[in-house]
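Presented sequentially are two complexes of chain A, the first with chain B as partner and the second with chain C.
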Partner chain A sequence: MKFLPILKLIKTTDDVSRINDELEILLASLYRVKNGFETTLKKSVSMELANVIKDLAGQTNKDLRGQMRGLLVDIQKYLLSLPVVKLTLAFSPSQEFVEKIVSYIRENMNSSAVIELAKDSSILGGAIISASGKYKDISLKKALEKTFEGKREIISKLT
Partner chain B sequence: MTIEPTIFFNIMGSLFVLGIALIVVGVLYIKTLKKLDRLHKREIKIDEETHKKALHLIQNSRDKGYEIIQDANIKAQEILKNAASITDKSKTVLEKELEKVYKKQVKDLGTTSNELLDDYQKLLEDAKKDSLNMVKNISKSIEMSALSEVQDFKDVLRQETLVSQKVVAEKIQQEYDQIQEDVKAYKQEKLKQVEDSLFALLKKVSEETIGKTLSLEQHEELVLEALERGKKELKL
Partner chain C sequence: MKTFNQYLNEFEEIGFVEEVIHSLVIVSGLPGAFPHEIIVFESGQIGEVFTLSSDSVTVLLFSKESLKIGTRATRTNQTLQIPVDENFLGHVINPLGITIDNSKPPNHKDSQKRFVHQNPSDLHTRALISQSCETGVSLVDMMIPLGRGQRELIIGDRKTGKSNFLLKTVLTQAGQGVICVYTTIGKKKQDIKKAHEFFQKHGVSKNVVIVASNSQDSAGMIYITPYTAITIAEYFKDTGKHVLIVLDDLTMHAKYYREISLLSKRFPGRNSYPGDIFYVHAKLLERSGNFKTDKGDVSITCLSVAETMQGDLTGYIQTNVMSMTDGHIFFDSDLFAKGRRPAINPFLSVTRVGKQTQTIVRREINRELSSFLTLFDKMQNYIHFGAELSDNIKLTLSTGNKILTFFDQSPFMVVPHNIQMVLFCVLWSNGWEGKTNDEMRSEMDFLIDVYKKNKQFKDTVDGLVSNAKSFNDLINKAKLATPEILGYTKK
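Up next is the complex of A and B:
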């Protein structure tokens, strides 16, 4: 729950990568004299992340630089630990729909899950879901194949 | 429909054997005719020689007969000459008797010659008949032998032809059955190919049609339905 604000910034694995990259930038800036941590926090990372880090740092109530490294590394570890639900879709969803999917997954499946999206128009519709070592093809193509197999005899009679 | 090479060769082989057999029979027949002709010529030659010999014999007999009579006559003349005491009457009687004997001997000789000739003619006729019968018998025997050989050959050929026909018929039936099976298998294979092609085509058309006709909202609805099913089935 400590890192819930971070979770709110993240929906997809792309977001995880982006945040991780920004954390790396911040880590690198910690012991620089010129363009140090403060400057980097202000200028080189997203505002949302910067605010969250400031809030988290403020909560520790310790010296910013001394504990900052530990905080940033903890955030990185947290990011790596987030469960990933892979979704293959037949179309490129809008940001709004992505948030809708993430919201559904976090409410019904795993509260800290992030999604990894892939596009494959050959599945026609629906989705292929893969998570926690499990896999399920719930695509329209699969449903169509099943229907055709079931009706093969009828189709054969046409010949 | 083409004829199987083995069947064709079977028929050609049978025809070849038949031709060879006919040639053999023809050659045998020609040889027999030649033999008959030789026999006939020989018979004629024998007849001529026999006739000559018989004539020669008769002539010799006649000549000998005449010689004997001549000798008898000469002896009688001598006897007559020597018998001086015999009277002219006795001489005349003796001459008459001698002449009678002479005429009788000549007549008897003639009769004997005629009888010999008749016997000889009869012998010739008999010999001729025997030769003819012998030739007839030989030719009959050859004819029967040839006919018997031809009949045997015909029987063997008929047998072989029947066997060949049976073999050929069986082979044709086997080939026909095999072809039927092959055609059936081919038809089934082709039908399956058509079915598979049609199936694939229908599937592809359906996929393409559906893929192009879904709206964004329908896509989003399908995704949410999939998530709902995924939640239940994967138990995430």
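Up next is the complex of A and C:
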């Protein structure tokens, strides 16, 4: 619950990766004199992340670098622990589409899941989903293969 | 075996390679995996589930090639199976049942499949060991006899003649129609090839299958080698044939299992071996024995090998395997250095069930020999004092040396039971008095050869043994027949 504001910024594993990189930049700036933590937070990371960190840091004594470091490392660990749902689609989805999928997954499957998108036009349509070790192929390609398999004799007579 | 995608679509479970540590692969996912289940990777490699944890599975790979991080894996819902049929005979196969010699691979289209990991048979299926298992080595057959269904440990330092003894035993048993499964665990390719050529040269390869893993194979492949071998042995046992299985050697198997266990971060025990090392070998050796089947009593005789360091019989693995077997044959490096071949120490060797398979005559010979050799051994210590020796002592020493010469056998010479007994009786009744040990040895070798080739001589010898009611009776008959027997050496 503590890191819910962070979760709202993340939809896909690309987002996780981007935020992780920004956290690394902040961690590196903690003990610098020139371009220190405050400057880096203002200039080098995204505004959304900077606001979230300021809110979370409000609960921490930001003058104590050790505590700030602990907060940033905790956020990184949280990001690594997020369950990933792998989704293979036949097309590159729009941002709106991605948000719809993520909100559906978070409402019906796992409230803190992020999705990993892959494009494979050979599946023709539908999707291949894998999460928590489970795998489901509900692509159009598989459906067609199944249909042709069952009607092999009829099709061979036509040709 | 189906393809990766077929298994993926069938079981709808996926895993991803997270870490590769030599022959162990940590795979995340696969929530339904169970121990020893076969896991198939996208790249075509297969492995077996070794450890299960809450969010990952450790898989023991069977191939040497490494895997990339992120490679997909799926379950097969079955444990390792191999095809088993008579077509394996005469071939060298790897632990997955694939032929690795240069011959044409046999057709396994109609063969049945058997699981490699099986529980041993229950107590009520076991029968008493009653038939003797001839090794063709006089010292063993007369003093440390084996029975069919017995599990005997062959133990000694490296290069003391253990493998030689095993090849001789396989030669003898295969010649009698027993199916032999010769297993090499992590040996050099050269040694495997030599064994294969040996069996082909002596014309017994039609009754022998070699299950081989060489030192270059992955630890996973080496680990499952003896289990594959015993599975094949069980198949032939179920067809009603007696089987001899040789496991060369279990100390090497233990070392590879230790490597796998330490890499998978299992807690190390004594000598860094894992706590279940005893179980790993016990569940293997318990699958052999003498069994009651609808085809009568059928046996799997197991000769397992353990290597010692400087004759130390108190090692961890060595004592483990000694406690699981029905006796051990100790190859003494001191005797080897003195030129004794085979270098078996009969005083430190044990057979727990072999003597019950001997006939009355052989048992009496055994008893007589044991007490005589004990006396001879004491006498040899006594003569070091340099005291003058009486005629009795000189006779005992001379007879003892002749007996040791009798037991010395040239490499790969196999001596059948009956000729062993008759030659010993001729020796015991001073048939070779006045001759040197070398002369006696060469005449014995000649007579053994005649026994194998001359039917009349064979019938004479077999008749002497079968009609004898006791050891003394056999000695008297042999004494009378000595001129006729020794006459063959002059022909």
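Note that the second predicted complex is superposed on the first by the 152 of 159 C-alpha atoms of A that agree within 3 Å, B and C clash if a C-alpha of one lies under 4 Å from a C-alpha of the other, contacts with A are read in each partner's own complex, and residues count from 1 in each chain.
Methods note: contacts are C-beta pairs under 8 Å (C-beta built on N, C-alpha and C of every residue); 3 or more make two chains touch, one makes a residue touch a chain.
Keep in mind that this is a model prediction, so the values were computed, not measured.
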After the chain A overlay, clash or fit between chain B and chain C?
fit
First (chain B), second (chain C), both or neither touched by A:142:
second
Once the structures are superposed on A, label A:132 by its partner contacts, choosing first (chain B), second (chain C), both or neither.
both
Hey, is it chain B or chain C that touches more of chain A?
B
After superposition on the shared chain, which partner residues are touched by A:31: those of chain B (first), chain C (second), both, or neither?
neither
Using the superposition on chain A described above, determine whether A:101 touches chain B (first), chain C (second), both, or neither.
first
Regarding the shared-chain residue A:90, is it in contact with chain B (first), chain C (second), both, or neither?
first
Determine the nearest approach in Å between the Cα atoms of chain B and those of chain C after overlaying the two structures.
8
Shared contact residues on chain A - chain B and chain C
132, 134, 136
Quick check on the complex: what are the chain B residues that touch chain A?
191, 194-195, 198-199, 202-203, 206-207, 210-211, 214, 216, 218-220, 222-227, 229-231, 233-234, 236
So in the complex, the part of chain A that touches chain B is made up of which residues?
85, 87, 89-91, 93, 97, 100-101, 104-105, 108-110, 121-122, 124-127, 129, 131-132, 134, 136, 138-141, 144-145, 148, 152, 155-156, 158-159
Chain A partner contacts - residues on chain C that touch it in the complex:
8-9, 12-15, 28-32, 74
So, in the complex, the side of chain A touching chain C is made of residues 130, 132-137, 142
